[in-house]
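Encoded as C-alpha cells, here's the structure I'll be asking about.
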Amino acid sequence: MAVLRTLLYLFVYPGLLFLFVYSTFCEWFDRKVFARLQNRMGPTHTGRFGLLQPVADIIKLLAKEDIVPEAADKRLFGALPAFGLAVVSTAGLLLPVWNFDLAAPSFTSFQGDLIVMLYLLSLPTLIIFLAAWSSTNYFSEIGGARVLTMLFGYEVPLFLAVLSPAILAGSWRLAEIAAFYQARPLLILPNLLAFAIAVVAVQAKLERCPFDIPHAETEIVGGTFTEFSGKKLAMFRLMFDIEMVVASGLLAAVFLGGFPGGALVGFLHLVVKTLFVIFLLSLIRAVTSRIRIDQVVTLAWKYLAPLAVLQLLIIILLKGLLS
Amino acid sequence: MKFQIPIGPQHPALKEPISLRMTVEGEVIVDADIRLGYNHRGVEKVAEEKNWTQNLYLTERICGICSHSHSTCYVQGVEKLMEIEPPKRGMSIRYLVSELERVHSHLLWLGVAGHEAGFDSFFMYVWRDREIVMDLLEMITGNRVHYAINAVGGVRRDLDRAQIDKILEGLVTLKARSEYYLHIGANEPSFVARIAGVGLLPLEKAVALCAVGPTARASGWPRDVRKEDPYAVYDELDFEVATADTCDVLGRVVVRVKEVLESYKICEQILRNLPAGEIAAKAPRKAKPGEVVSRYEAPRGENIHYIKSNGTDKPERLKVRAPTLGNYPATVEMLRNGFIADIPLIFAAIDPCICCAERAVVLTEARTGEDRIVRLGDLRRQALERHPQAPLKRNAVWPF
Amino acid sequence: MKIAALLPELLRHLFKKPATVDYPFQKIAVPEGFRGTPYLNPAMCIVCRACERDCPAEAIEISVVDEAEKRFRMVIHNDRCIHCAQCVDSCPTSPKAMQIDNLHEIADDSRLKMKKEWVYVRAVIKPKAPPAPPAAPPAAQAPKA
C-alpha cells in the first residue's frame, strides 16, 4: 500500500504527470492573462479557450529538426535539457501537497527541505549557463554570462526573503511552516514585504520580463537558447514551465499557508494559490520593460537585499515579542 | 578580449536586412561597421523605363511606411518640370495625407521602440491606437498603406463633409491617447532607465555628420524642411518644430511624440480651411527637358529626389536620397561606447527605413581597392559553380 | 517617475472586450472607395489602350482576336495587379469601361488561376446628337427709327 502511494506520488500527483499537465495549464493561464491585460485575445482556438495551445507548441517543437552545431560538445549539449527537466521535477516532489505526516519526516518532507528546494531551483541556472557555454556561439556566450550575473543579483534577496517566514515559524521544513501559518493566518501579514521581494526574485529566476535579459529576443537572438531546436528546445521550455509551477508552489507554501486538507482539498488550495502567484508574476511581466544587466545587479543589491535584511530584522523583533 | 558580433543581416532587432558588425569588448562596443545592399531592388533603373504616371506608383513602393513621402517628393519635382501648379484644394488634401502619414509612422515607431526595449504592453497599446489612423487613411484614400492618392497635377480623390467630420473625431481620440503615451514613455522607470543617456549624439557631431530628421532635432538642432524651405501649404500653417536637448534616445522619443501632437494641429488647420475647387490640374504626357531637385520632410528626415527629364514621357534619371542614408554615419558615432544591450534601441532610434536607403551599391575588391562591373548572369553562374564544391557544414539529426 | 505607471490602464483592460477582430470568424467591412480588383465592362470599351499603357505593373494585356470583326481579348493579370486603380482613372469613356470592385480576399495557390479574360467586340460610341438648333433669333432688329 505504501509502495502504491509512493508510486502514485512520484508519477501521478504531484509527480511527473501532474507537473507536465499543470505546467501547461499554468502557461496557458499566464499567456491569457498577459494578453487580456494588453487588450488582446491570447490563445483562443486550439482546444476550448485555447487550453491546448502550450501542448500544441511542445508537440510542434518535438517534431522539428534537431540541429547540433558542429563545434558544440555533443554529449553535454544533448544531456543538459534532460538534466534540467529532471532537476525541476525533483524540486516539485518536495512541495508539501499530500502524503506527509507532520510528526514523522519522510523522504519528501524533512527538516531542511526548504534549503534543498532552493538549491534545486538554483541548479537550472547553472544548467542554462552550461548549455550556453557548450553552444559555442557568441550570442549564447553573452547570454550565459548574463544568466550568471543575474544569479549573483537575485539569489541573495530570494534566500533572505524566504528565510523570514521560516524564522517566524521556527522550522526548516516546508510542511511545518505551512501548518504554522494555517494555524495563525494573521501572521502572514508581517511577511508581506518578504512576499513582494520573493515575487520579484522569482520573476528574475524564471527569466521573465523585466528580467528576460539572458534570452532577450531583440538583442541577442535567442541568447542561451540560440542553438537549441526541436526536442531539446521543447524540454527547456517545459523546464521553465515546471519551474514556474514549483517556484509559485514554494511561495504559496511558505507565505500563503500551504495546501492543507489531504489530497482533494489540498489540490484545490494548490490550484488557487499558485494561480494567484502566477497572476502576480504576469502582472509584473506586463507592467515593466526589460532592464539592462548592470541595472539588475544595481537593483538587487541597492534595493532588494537591504529590504530583505530589514524584513528579517522585523521578523526577529516580532519573534522576540511573541515569545 | 575583442571579438566581432554580427548583428544582421538576419536579426530579430532589425526589421530589414542590414549588416552591422560590432567589435565588442565584454559588453561595451568599440567600433561598428555598417554594410548595406541587402535590400537593393534597382528602383532607379526601373524608373527610367516607366512614364511619369507609372512612376508615381513605383516611387511609392520604395517604402511601405513613408510611401506617400516618396510619391509626393517625386510628384512635386515632376510638377515643377511640367510647369503646372496644382489647385489649392488638391494641395491641401495631399498634405493632409502627408501629416496623417507622419502620425502613423511615428506611432509605429513608438510601438517598435517599446518592443525593442522589451515593453510589450506599450507596444500593443500604441499599435491598437494606430489603427484609428489607418482606418482614416483607408477611408480617405482606399488603402491602408501605399495610398496612391497623388496624381501628376493634384490628387485623385476628394473629401466630402462626412469624411472630414470622421477625421476630426478620430483626431480628438488620438490626441488624448498620444498625450497619455508621452506621459507613460517619459515616466515608466524601467523604460526610462533603458532609454535615458543611451545613444548620445552631441550637437556638434550631429551637425558635422549631417544627421537629419528627429535624430538631429533631439540634439537640439531645429532642422525641418517645412520651416526652412516651405513648400506648398506649409508657409500658411502655424506649427512649431519639436526639439529636445537631451541628445539621447529619450529625446528622440519625446521629439517624435511632440511632432505627432503638432501634426494633429496641422491636420485640424488644413481641414477647417479646406478651400473649395478642383482637385487636380490637367498634366501633359511629356515633360519639358530640365532637371529639378525636390525636398520634402518625411517622417524620418529630409527626403531628396533629383529628376532629370529629356522631353519625353519617361524620366531620364531619378535619384533618391532617403533620410535614413543621411543618418547612418551618425549611427556609427552613437554606437561607439554603448552597451550591446543598447544596440537595438540605438539603431531603432534613428527610425531606420533600410529599404528607402538602398539605392546603389559599389563593391570594391578587398585586396586592391578597385571596383569592377559584373553582369548578373555572370554572378549567378559563379554562384552555381561554387555551391556544389563548398563543404557540407551541418550535423543535423532528423527526428521520427 | 512613477513605479508601474501603466498599472491602472492594464487592470482596466482585464474587464474590457479584446480589441482583436477574430478573423476569419469575424470580418470588418471595407470602406466605400476601397480599391479592390479591376474588371472590365466590355460594352463600353473602345480599345484605346490607355489602361494598358498606364498600368505600372503591366497587368493589362489587350490582343486582337479578329481584325475584321474588331474582336479583342483583354486579360487582366490579377497576380501582377498592384490595385492602384490608375486604369480606372485613365479610362476615357463615360460610364467607365474599366472599374474596380472591393474584393480583397483574392489569394490563390496558383498564379494561373488569378487571370480574368474578356473577349468582346469594340464598342462604337455614337456621336452625340448635334445640339438642338438655337432658339429662333430674337425678333428682327427693331426697325430703325
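Every chain is named by a letter (A, B and C) in the order it is written, and numbering of its residues begins at 1.
The rule is simple: contacts are C-beta pairs under 8 Å (C-beta built on N, C-alpha and C of every residue); 3 or more make two chains touch, one makes a residue touch a chain.
The structure presented is a predicted model; accordingly, all values stated were derived computationally and were not measured.
Most remote from subunit A, judged by the distance between CA-atom centroids, is C. Compare each chain's C-alpha centroid with the centroid of every protein C-alpha atom shown, and the nearest one belongs to B. With centres taken as mean Cα positions, subunit C sits 59 Å from subunit A. As a whole-number value, the distance joining the C-alpha centres of subunit B and subunit C reads 29 Å. Centre-to-centre spacing of subunit A and subunit B amounts to 44 Å, using the average Cα coordinate of each chain. Chain contacts: subunit C has residues 4, 6, 10, 19 touching two or more partner chains. For subunit A, residues that reach two or more other chains under the stated contact definition are 37-40, 286-288.
In subunit B, the residues touching two or more other chains are 121-122, 125, 128, 188. The residues of subunit C lying in touch with subunit B in their complex are 1-6, 9-10, 19, 30-31, 33-35, 53-57, 82-86, 89-90.
Taken together, the subunit B residues at the contact with subunit A in this complex read 3, 5, 11-13, 27, 114-122, 124-125, 128, 188, 190-191, 193-194, 339-344, 393-400.
Residues of subunit A that touch subunit B in their complex: 37-40, 62-70, 138-139, 142, 209-210, 212-213, 216-221, 230-231, 286-295.
The touching residues of subunit B, counted against subunit C in their complex, run 50-51, 53-58, 61, 121-122, 125, 128, 131, 135, 138-139, 142-143, 146, 148, 151, 156-157, 183-184, 187-189, 192. Contact residues of subunit A toward subunit C in the complex are 33, 35-41, 44, 283, 286-288.
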